[in-house]
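Down below is the structure, laid out as structure tokens.
Order of writing sets the chain letters: A, B, C and D. Residues in each chain are counted from 1.
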Amino acid sequence: MSLSEEQIRSVLVEELGRIAPEVELDTIDPDGDLRDEMDIDSMDHLNLMIALHQRLGIAIPEIDYPKLLTLNDAIRYLVARS
Amino acid sequence: MGEIRMPSLGADMESGRLAEWLVAPGDRIARGDVIAVVETQKGAIEIEAFEGGTVGRLEVAEGQTVPVGAPILSLEEPAAAAAAAAPPPSGAPAPTPEPAPAPAPERVSQPTAAPPAPEGVPQPAVPSPAPAAVEAAPPSRAAERVRASPAARRLAQRFGMDLAALTGSGPEDAVVSADVRRAREAERQAPTPERRAPEAGRARGLDLAEMRKAIAAAMARSKREIPHFYVATQVDLKAAADWLAETNAARPPDERMLMGALFLKATAKALLEHSVFNGTFEDGSARPGDGVHIGTAVAIRGGGLIAPAIHDCDRLSLDALMARMRDLVARVRGGGLRSSELTDPTVTVSSLGDRGVETLFGIIYPPQVALIGFGRVTETVLAVEGAPVVRPAVSISLAADHRVADGHRGGLFLRTLASLLQEPQSL
Amino acid sequence: MSGMRETTYRECLREAIREALQRDPRVFLMGEDVGHYGGCYAVSKGLLAEFGEERIRDTPLSEAGFTGAGIGAAIAGMRPIVEIMTVNFSFLALDQIVNNAATLLHMSGGAFNVPLVIRMATGAGRQLAAQHSHSMEGWYAHIPGLKVLTPATLEDARGMLWTALEDPDPVLIFEHVLLYNRSGTLSPEAGPVEIVKAAVRREGSDVTLLAYGGSLFKALDAAEELAMAAISAEVVDLRVLRPLDTATIAASVAKTRRAVVVDEGWRSGGISAEISTRLMEEVFWELDAPIERVCGVEVPVPYPAHLEQASLPQVPEIVAAAKRTLGR
Amino acid sequence: MSERPKAEETTLEAGEDFTASRPHLSRAHLLDLLHQMLRIRRFEDRCAELYTYEKIRGFLHLYDGEEAVAAGAMRALGPDDWVVATYREHGHALARGVPMPEIMAEMFGKAEGSSRGRGGSMHIFDRAHNFLGGNAIVGGGLPLAVGIGLAKRMRGEPGLAACFFGEGAAAEGTFHESLNLAALWKLPVLFVCENNQYAMGTALRYSESETAIAKKAESYRVPAAAVDGMDVVAVEAAARSAAHAIRAGGGPQFLEAATYRFRAHSMFDAQLYRDKAEVEQWRAKDPIARLRGWLEESGALHAQDLEEIDSRIEAEVAEAVAFAEAGTWEPVEDLTRFVHSAAARRR
């Protein structure tokens, strides 16, 4: 399965919105640490990983978590793995 | 005839606003059924029935605020009586010799919307089940009859899902693991909640301003009444982190565990050994907890904090504990806490998580006697066998009530907790 | 792959014996009709001329005598391959196999080990009736001290013998009678294989078919048929009945969550019961359906073809059992 | 583990050539035979006693009365030869040179026993003395001896396999299969039938149509001799002659030694199957008394010789018991250690 960057971005943004509905996604720095940008804790983060796995079919191993710290990094990583 | 009253869901709760009735007159209800949603200072909470019967009258209208203890619903035919032998012949003594209880609770300070039960009519006393009995109640027979595969059962427990609600596709229509995954996926795919403007500052069912007030009152009372002492220690987490990484590596994301689950389980087990920290102190005397029910502090987006109980943490497997945590966080953030979760934490655990500070000095939530705080997990230089090594470590603190214990005992508790975390596979 | 050559299960066995005789002067083959006759199933045909009567040793009809002699010779420094014509005849040597081969190491506190290999034919399908057709390998798998191998593929027929001969303890090799003529291609480099692990012969995700020996190919055929019905069956070749490779079996079933055990032996007290119980012990919480078994019907194997076939596991039964585990 | 006392070295280093076809009846040699038989007798007496103290359990089959067979036959065997025995094998193990302390420790079930306590009374094994047990299946050892003989022949090694069994084994299939195989393949096997008249409680006449066992052997073309099993010198002479023929490449040989066990079959046996009179009759032929009387008559044995032999044996048995008492129990963690060689060799 190969997904376009657009598809991946839209899924990611939608899931982030589900986790932090009050955050305006267009206002965050795409190269900033998402955990700070969106006040995400470990449970939120895990839920995001679950959602990405279920919607994109990409199981992200824990050791790769540091590769998804910013919005742009996450998109790059997911595109490469899709 | 029995009745259900506005429950006390915490030492700091004085009244509640009945937000929504989930039952109507004529409905049959069983013990444990959710009958109403009550909005409190801590958010919307589902109220459970502690006795069964047929709903007679709703004594309180939606939107109305009544004090704790006020009757909110009357039961026509308590299940206990119905289940007993045939009704006694006319004129025979009531099944129990006690006189009927006063129909109006003493604590009611203002009349309720509906009139109390007519006086003079003998009513069978309905023994109110002890809370412990509620906790220990076996799953209802209906739940036992669910035909589900072992894999489906395990997965449902891990996800905190109800098997009875699922449709089975397996042999003889048994629920199999794929059905559970499908249902969970459907649950997740539910429409995205409406995007709220940041200034709303209010999650569903929560009034953050009210909550802030409640926190203020409780914390002020705590600092005023409870002579706190604090002890803290740094704990090597290499074994726990390695074990967690290894466990999670073999699991898909939805079955992974967080370090927080290990913290909770280790705390629960340490409390079993040092039970003095698990309980309450009221009216000058300490009372041990009826189980290890850990109030688990959950931060609310946009501010505010709530610490509903996860019951019997010591008896839950790590997976089950993880499922409860996940479920709790989801419900705190999405609304829908149940009353029993707020009434009876026997201790509180607070963790500022992976973005937090190194050490946390908590304030005890009265009438509890202890709060255990977990700081951020950091890479720290530790001396191991005489040589400096870099290890993941966490600072664990205990805030405790000096009236029930002292620092020495606190230190022993932390030592037990630390050693439990060195053997994560045994948690 | 280039260089593959056409061969049969029988030829693979013969090559393995020949290689062992060439590699190790301690090895000799002993049994009824292994020499002048060329082996009841023609496995040792031609070897007498090549290696002589000392090393291709015809025996009288004395299963206890020559099996026991194999044990004694193994203890005293030889590496005998004892051929017992068929598993039913091995009962005449049961005392030697169970009371001596399997126990001497233990009874002697580790002083005397028995590096012996016993080969025998097993299984039904050739209308040989009830005294030549039974699958009793599961019985032997009950005995601590023995290793029990069931080669199904050409690679295993070619490769298990040498590894078994290197084992310091007694190893029993069961050759299903229907496999001897089975042909296929084999790499000329094919050589010794390990004898501790089960092998996944076909990958799948919906149900695991566990089989060995002659039943392996029935399971593979069933998997093919299941694929037509959009059911993805994984086929595991047990290869070794003792010690069972529980890890591989359990891993497969933990993945597919469903299992069908195929065993030509009888259901009651058979190896299928053992496998099923191991799965309960190891992966109960991973299961999505009760474990199914397709076994030999509980009757001495009859002579007429239609009854014999009816008494054995067949592809449609395996397919049906697999479907039941999926609620279909 | 307590240190094992030094074993009494007896037959194997008696300074005589075991391959000689006839015994050399020197005074030292005869005293040695007497010592060996007495050693077995005292050992068995002590075992019977220890059984009543529950130090020894399981089945305990004693060799009293049959000492001449093991003591005499063993003189014809050398270090390259192998011995396969029955469950009544203490005498064979002792005469073969298996150290008494290890045998006694085995009886106790201790880790220091010759089989690490895994076998007990019926399963004494010793690799150092090519002593392949104690086999508790009647007739179970014969094919093993055939296999050892086969290996020796195929490997071109010197030596033979001596196989001891009772007359009861003649009824088993393995007896016939083994004699046939050994004769067919001309293997170096010495079959020694200890005919003590009873297969447990069944007299030979109740179980065999032909009670002359040696005749059965002859029908397989195995040269056979019948010998008085209560005469140690006669047994030795017959064994030497047979072994000599085997070493010369003549294939297997068969000895039938008529003997008698003085004690019951095992410790729990009321002996309903035989008369006290019959036992007394055989006791009169006691091989030990017989040799002693003969030595005394000929003036070769002095009271002080006997005292000296007695005290040596007494000390040896006492040491063996002390060694067994001081022995240790195999840890339960090692329960499955000797099922496969890999685990057995660990540590």
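Please note the rule applied: contacts are C-beta pairs under 8 Å (C-beta built on N, C-alpha and C of every residue); 3 or more make two chains touch, one makes a residue touch a chain.
Bear in mind the structure is a predicted one, so any value in this text is a computation, not a measurement.
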Components of the interchain contact network lacking chain C: A, B | D
| item | value |
| --- | --- |
| Chain of greatest Cα-centre distance to chain C | B |
| Between A-B and C-D, the pair joined by more C-beta contacts | C-D |
| Central chain (by mean CA position) | C |
| Cα-centroid distance, chain A relative to chain D, in whole angstrom | 82 |
| CA centroid of chain C to CA centroid of chain D, Å | 41 |
| For chain A paired with chain C, centre-to-centre distance based on mean C-alpha positions, whole Å | 52 |
| Distance between the centres, which are taken as Cα means, of chain B and chain A, whole angstrom | 31 |
| Pairwise touch network: line, ring, star, complete, or other | line |
| Interchain contacts (touch definition) - all pairs | A-B, B-C, C-D |
| Touch list for chain C against partner chain D, complex | 26, 28, 54, 59-60, 62, 64-78, 80, 92, 95-96, 99-100, 104-113, 144-145, 168-169 |
| Chain B-touching residues of chain A, taken from the complex the two chains share | 14, 17-18, 20-24, 35-36, 39, 41-43, 46-47, 49-54, 59-63 |
| Partner chain A, residues of chain B touching it in the complex | 185, 188, 192-198, 200, 245, 248-249, 252-254, 256, 258-260, 299, 301-302, 325-326, 329, 353-355 |
| Chain C - residues contacting chain B, complex | 257, 284-290, 324-327 |
| In the complex, chain B residues that touch chain C | 149-154, 168-174, 176-178 |
